[in-house]
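What follows is a group of structures, each given as structure tokens.
One chain, chain A, appears in both complexes that follow, with chain B as partner in the first and chain C in the second.
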Partner chain A sequence: MSQQFNRLVVRATLALSGLILAASAHAGDPEMWSRIRASLFQDRPIVEASGDFLRLDAPTRAEDAAVVPISIHTGIPQSAGQYVQNTWLIIDQNPSPIAAKFVFTPSSGQADIETRVRVNEYTLIRAVAELNDGSLHMVSKFVKASGGCSAPAGKDPAEALASLGKMKVRVEGDVIPGKPSLAQLMISHPNDSGLAFDQMSRNYTPAHYVREISVTYAGKKVMTAEVDISISENPNFRFYFVPEGAGVLAVEAIDSSDLKFNTAVKLDTGKNVAASVKPAAGS
Partner chain B sequence: MNSKTLGLDPANKLTIDGLSATCLSLACLLVCFFFVLPAAHAESGFEVHEIAAGVWVHTGEIGDFAPENKGDLANLGFVIGARCVAVIDTGGSRWVGEALLGAIRSKTKLPICYVIATHMHPDHLLGHAAFLDEHPQFVAAASQARALIIRREGYLSRQKAILGENLAQGTEVVLPNHPIIGTEQLDLGGRMLTVKTWRTAHTDNDLTVQDSQTHTLFTGDLLFVDHLPVIDGSIKGWLAILPELGALAHEEEKSVPVVPGHGPDTGRSDKELQRLEVITTKPTGPEIGQTKDISSAYFAAETDYLSSVAKEVRGALKAQQTLQQTVSSSTLPAHWKLVEWYHRRNITAAFAELEWED
Partner chain C sequence: MQFPFTSSSLLLRHVIQFRSTHFITGRLALLAALLSLGSNPVHATNNDKLHAQKIARGVYVLPGDGAAPNANNLGRVGNLGFLVGKTGVVIIDTGSSAARAQELIHAIKTVTNKPLQYVLISHPAQEVLFGDGVFKDLGVPIWSQVHTPRLMAQRCDHCLETLIQVLGEDRMKGTRLVLPTAYAFPSGSFNLAGRKISVVEGPQGTVPGNLVIRDEATGVVFSGALLSVHRVPAVQDTSPLAWEQALTFDGLAKAYAVVPAYGPIALSSRAMQLKTPQDRQSFISIQDAISQLQGYLRDLDHQARGLYERRLPLEEVTQQPSVFPYMDWDDYSPNHGHNLFYRYLQLESEDLMSK
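On to the complex of A and B.
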């Protein structure tokens, strides 16, 4: 809870400083980054990572600012001795720049992640990885897109409401003990940014978004994500996990209204599996 | 047109604001020029043609908002009854709306009782404000108000950023006060207009208009001609309604005049037929040579494109391709305009929709 509060404070501070800076806001605004950096990493050193070690893929020009595909690749396998502990996905010029914090474990196998984000204006997008030794490594990419965050969620709002919380989990390829398996998680959720102004109520539509996702396999933590309104409608993630044998891949998602959505898929080794599960009753 | 190009863009807006200080003197010249000539539409080449008796059409430019086109991008129309006039879409700026009002006034002095918006997109309805003094009923699908309320700030700021302070001046988003659910008849005196709403297709608030006297069909952006169709609703919904919409384009086996949201209407037949021969050379394309029916060819071309997008995306999903892979491996279609801007976007929209199919 306090962590969430901290995030809110950071968000509010950044939003305020964003307003102050607005007059001079340009893509690649170094001052914006220095504020984000200070809030997340204080004055800890951050190494510019080589492409072999950490890579961020994003389109140079986004086709749809509300659905910008992002992928983060790491060059090192996760092992007990050396692994990526946390990866932040940061979109400098978004109203809420810290799009996601992904927490990995050695059981993640590979600390790669793919997702889709909203991009509000021309901006640098960054991935900062923290290794288990505490060192910080960063890559960044400039993306041209605009209008993603305030673009209203939903081309078909009635449909979105009807399918709220539906989840799909798919594991690609065969499940081989000890080898990283690639999983895809889809959550049907409007992920409303709350940034669209409602002229009738003279207010902003309330934000309603997925804020936390945790994934376990056979009871062991694989990946946790604290996410935000910068993630696109119907949040979508691709990530790895290492199965030691047969087990259950379980996902829990919690949204900003504290609704909980669960899904799970039972995996046997050596078999290709796919699952589509209706949400468990929300709380 | 779609929400990408007119999405809220604070950066752009701020940049324009910043620039305006330095460009003030130049801007002032332009501002003065336009202020002096506010009613110069007739001389500036705003044309309307009579596609059927009492049914007039203005053909918008195929392109995106730019100062040169003043937001004149969509096809607009008006229908003159014995009692009053109905306007179908008003263009992408107050300037276009005023030009259209001027064109109407050159044909009739009858009151304007209805201003109909075929859907929410700014190139179709940002001219509404020019009609406020006529006190018409503003007609739209019931779902349009919500869609506009959450987008209006973005539409207006983006329009201003692109067209500039002067051209955007006086433009406002006018919310509908005559919502349509299902189908309704609007009486113009001696002729009725049937306005009909559709399930989510191009957008979630599409509406078509058909005249009882000449059967002229205004499709809004449910039918694009030349201009690549843009998906801002549901590709599945759109493909599902096209047969029913296409059927409205025929009355007792004969084709009726059809006005698409963008691109040439069927009133320009001879030139069009020749041009269509080019469009229809692809193997799966419409067989215009046999039917000699322009609207069927138009509908077939659009169905063909949307089907090919759906097929390509479903194939990619089946092959477990990611969104990024699917978008970057897609080839731009031939025979359409603005493919650079909209095709990959359509693939993105279709992917995000179809990946939920079981």
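On to the complex of A and C.
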């Protein structure tokens, strides 16, 4: 029995030291982070968030470095008194590390975001949330993936051009006034990073990406996002909004060539009878 | 290499589990495919992987196992083939390393002293073309379909590093990435090294860059990635349903024997009859091989659709519990997870494009 116990202690110690080693191996590149931190937040204090307050989910090893699913969850319901105002998604080792800045309002209901990103090399991915009181909170996760930023587009360029800017926004479940509803936005766009080498033309495909997204419900701002080349081809976002009654959930996206794309759905409360009120349009 | 459902009770358990979590639609086809397994072919032992196996007159295979390259199989994965013609030898695929290519050359030399004249690369995969450098140094032209060098150049930055990591520097010594030359194959049959062959690109729906190579004298077909036996293929660049359709290509069904890229060789009933009952255990019938892979592709599509309709977040797609009845196939992990991931993205894209 005591031998078994000793073995257990040895195993636990080994496991613990393994964890410590793993944690230290995943410290990332502190110099890179200090540069990003200085440019975005200067010397403002940043609290390491824990528990449900702020959580970042990402695969430890990505299936595809060009499509790495990322979820940022917050444990704070958005209210006029306290809410997450801004969330930065930062990929330390990417050529352009600030992947996105999401701006929320109390009408967001829940400042959660899901999206997919490109990862260029093994890196720490961070979410930094700024509350309306100005405090900064951060979580990070080490992700093993490489080559995502220079990966060629999955879709044939001619096909991608034909469907450029087609968008769909969908609301999950029933729409209940005052309760956060989950919406999903899908955009057909190559989101070319400018870093992918085209083997056929022997040139780099020029950067062409969605740079801004704004979402309103019944005319009220729900969420805006400044996004960058780190967002995967066919940008995809899940976010919350709080419907106070029937209304139109409207989305506008602007890309790096200043093309504007719109879509909207009309929602009734109760049973979700969402209907598209406006086809996706490029301008 | 293990084959699925070595006992009927295991088969039944898988089918019951599968039915409990999936819709019934299409299940009968799956059941039929599973029941059609009959005798399970026995895979090549490590030793067999060094000796050429004669399939028909002048047609040989250096067999590999269907698993991903690992320290045990030393990267002897995938079936490499060669045809002995009047003037020389046509090689089909070169293996995962320079060392494997040397093993192939050694195996050829035990059969014939004719010169090595042409190499054909059947599909873009690290398992079949990292021996190219050896043949290039010997001055042998290396041909493939046009997509193969493009896809390999785009994707294979890290292939060599990964293979060195997995197989070790000793085994990978002298290995380098040499891209094949994109070749415009004539339609119909043509003469290569004094052997009449025909080459079909695709067929459409399978892996881009795939070639199906038929030896006209014997009716033996090298399917490339189109057919793999008891191995979960990587379904990334095409939809599983398009691949399922591609498997109806009659060049497979009419073959005397089909050498799949990975896994045991499939035989026509005529070829099977020529084998002793004991030898038959090493093979599978062409029809069973096709319908099993079709079953997998259909069920992959079905499972992915279920996940998409549930609006499961993408990060959860690869974390599904393994109740899939193909979990004993080679490369189930990680290929099935990858396949679900990519099919989910395809379905999302189809959804976005629909009205």
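Definition applied: the second predicted complex is superposed on the first by the 238 of 283 C-alpha atoms of A that agree within 3 Å, B and C clash if a C-alpha of one lies under 4 Å from a C-alpha of the other, contacts with A are read in each partner's own complex, and residues count from 1 in each chain.
Following the convention adopted for this analysis, a residue touches a chain if its C-beta (ideal position, glycine included) is under 8 Å from a C-beta of that chain, and two chains touch if they have at least 3 such contacts.
Values in this document were obtained by computation on a predicted structure and should not be read as measured data.
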item: Touching partner for A:122 - first (chain B), second (chain C), both, neither; value: first
item: Chain B versus chain C, judged by how many residues of chain A each one touches; value: B
item: Which of chain B and chain C A:157 touches, first, second, both or neither; value: first
item: First, second, both or neither for A:93, with chain B first and chain C second; value: first
item: Touching partner for A:64 - first (chain B), second (chain C), both, neither; value: both
item: Residues of chain A contacting chain B in one complex and chain C in the other; value: 57, 59, 63-64, 67, 69, 71, 114, 116, 146-147, 151-152, 155, 163, 166, 168, 172, 186, 188, 199-200, 234, 236, 238
item: Chain C-facing residues of chain A, complex; value: 57-59, 63-64, 67, 69, 71, 114, 116, 146-147, 151-152, 154-155, 163, 166-168, 172, 184, 186, 188, 199-200, 234, 236, 238
item: Of chain C, residues touching chain A in the complex; value: 150, 153-154, 157-158, 311, 313-315, 318, 337-338, 341-342, 345, 348-349, 351-353
item: Chain B-facing residues of chain A, complex; value: 22-23, 25-27, 57, 59, 63-65, 67, 69, 71, 93, 114, 116, 120-122, 146-148, 150-152, 155-159, 163, 166, 168, 172, 186, 188, 196-200, 205, 232-234, 236, 238, 276
item: Interfacial residue positions of chain B with respect to chain A in the complex; value: 3-4, 7-12, 14, 18, 146-147, 149-154, 158, 200, 203-204, 231-234, 237, 320, 322-324, 327-328, 344-345, 347-349, 352-353, 355-356, 358
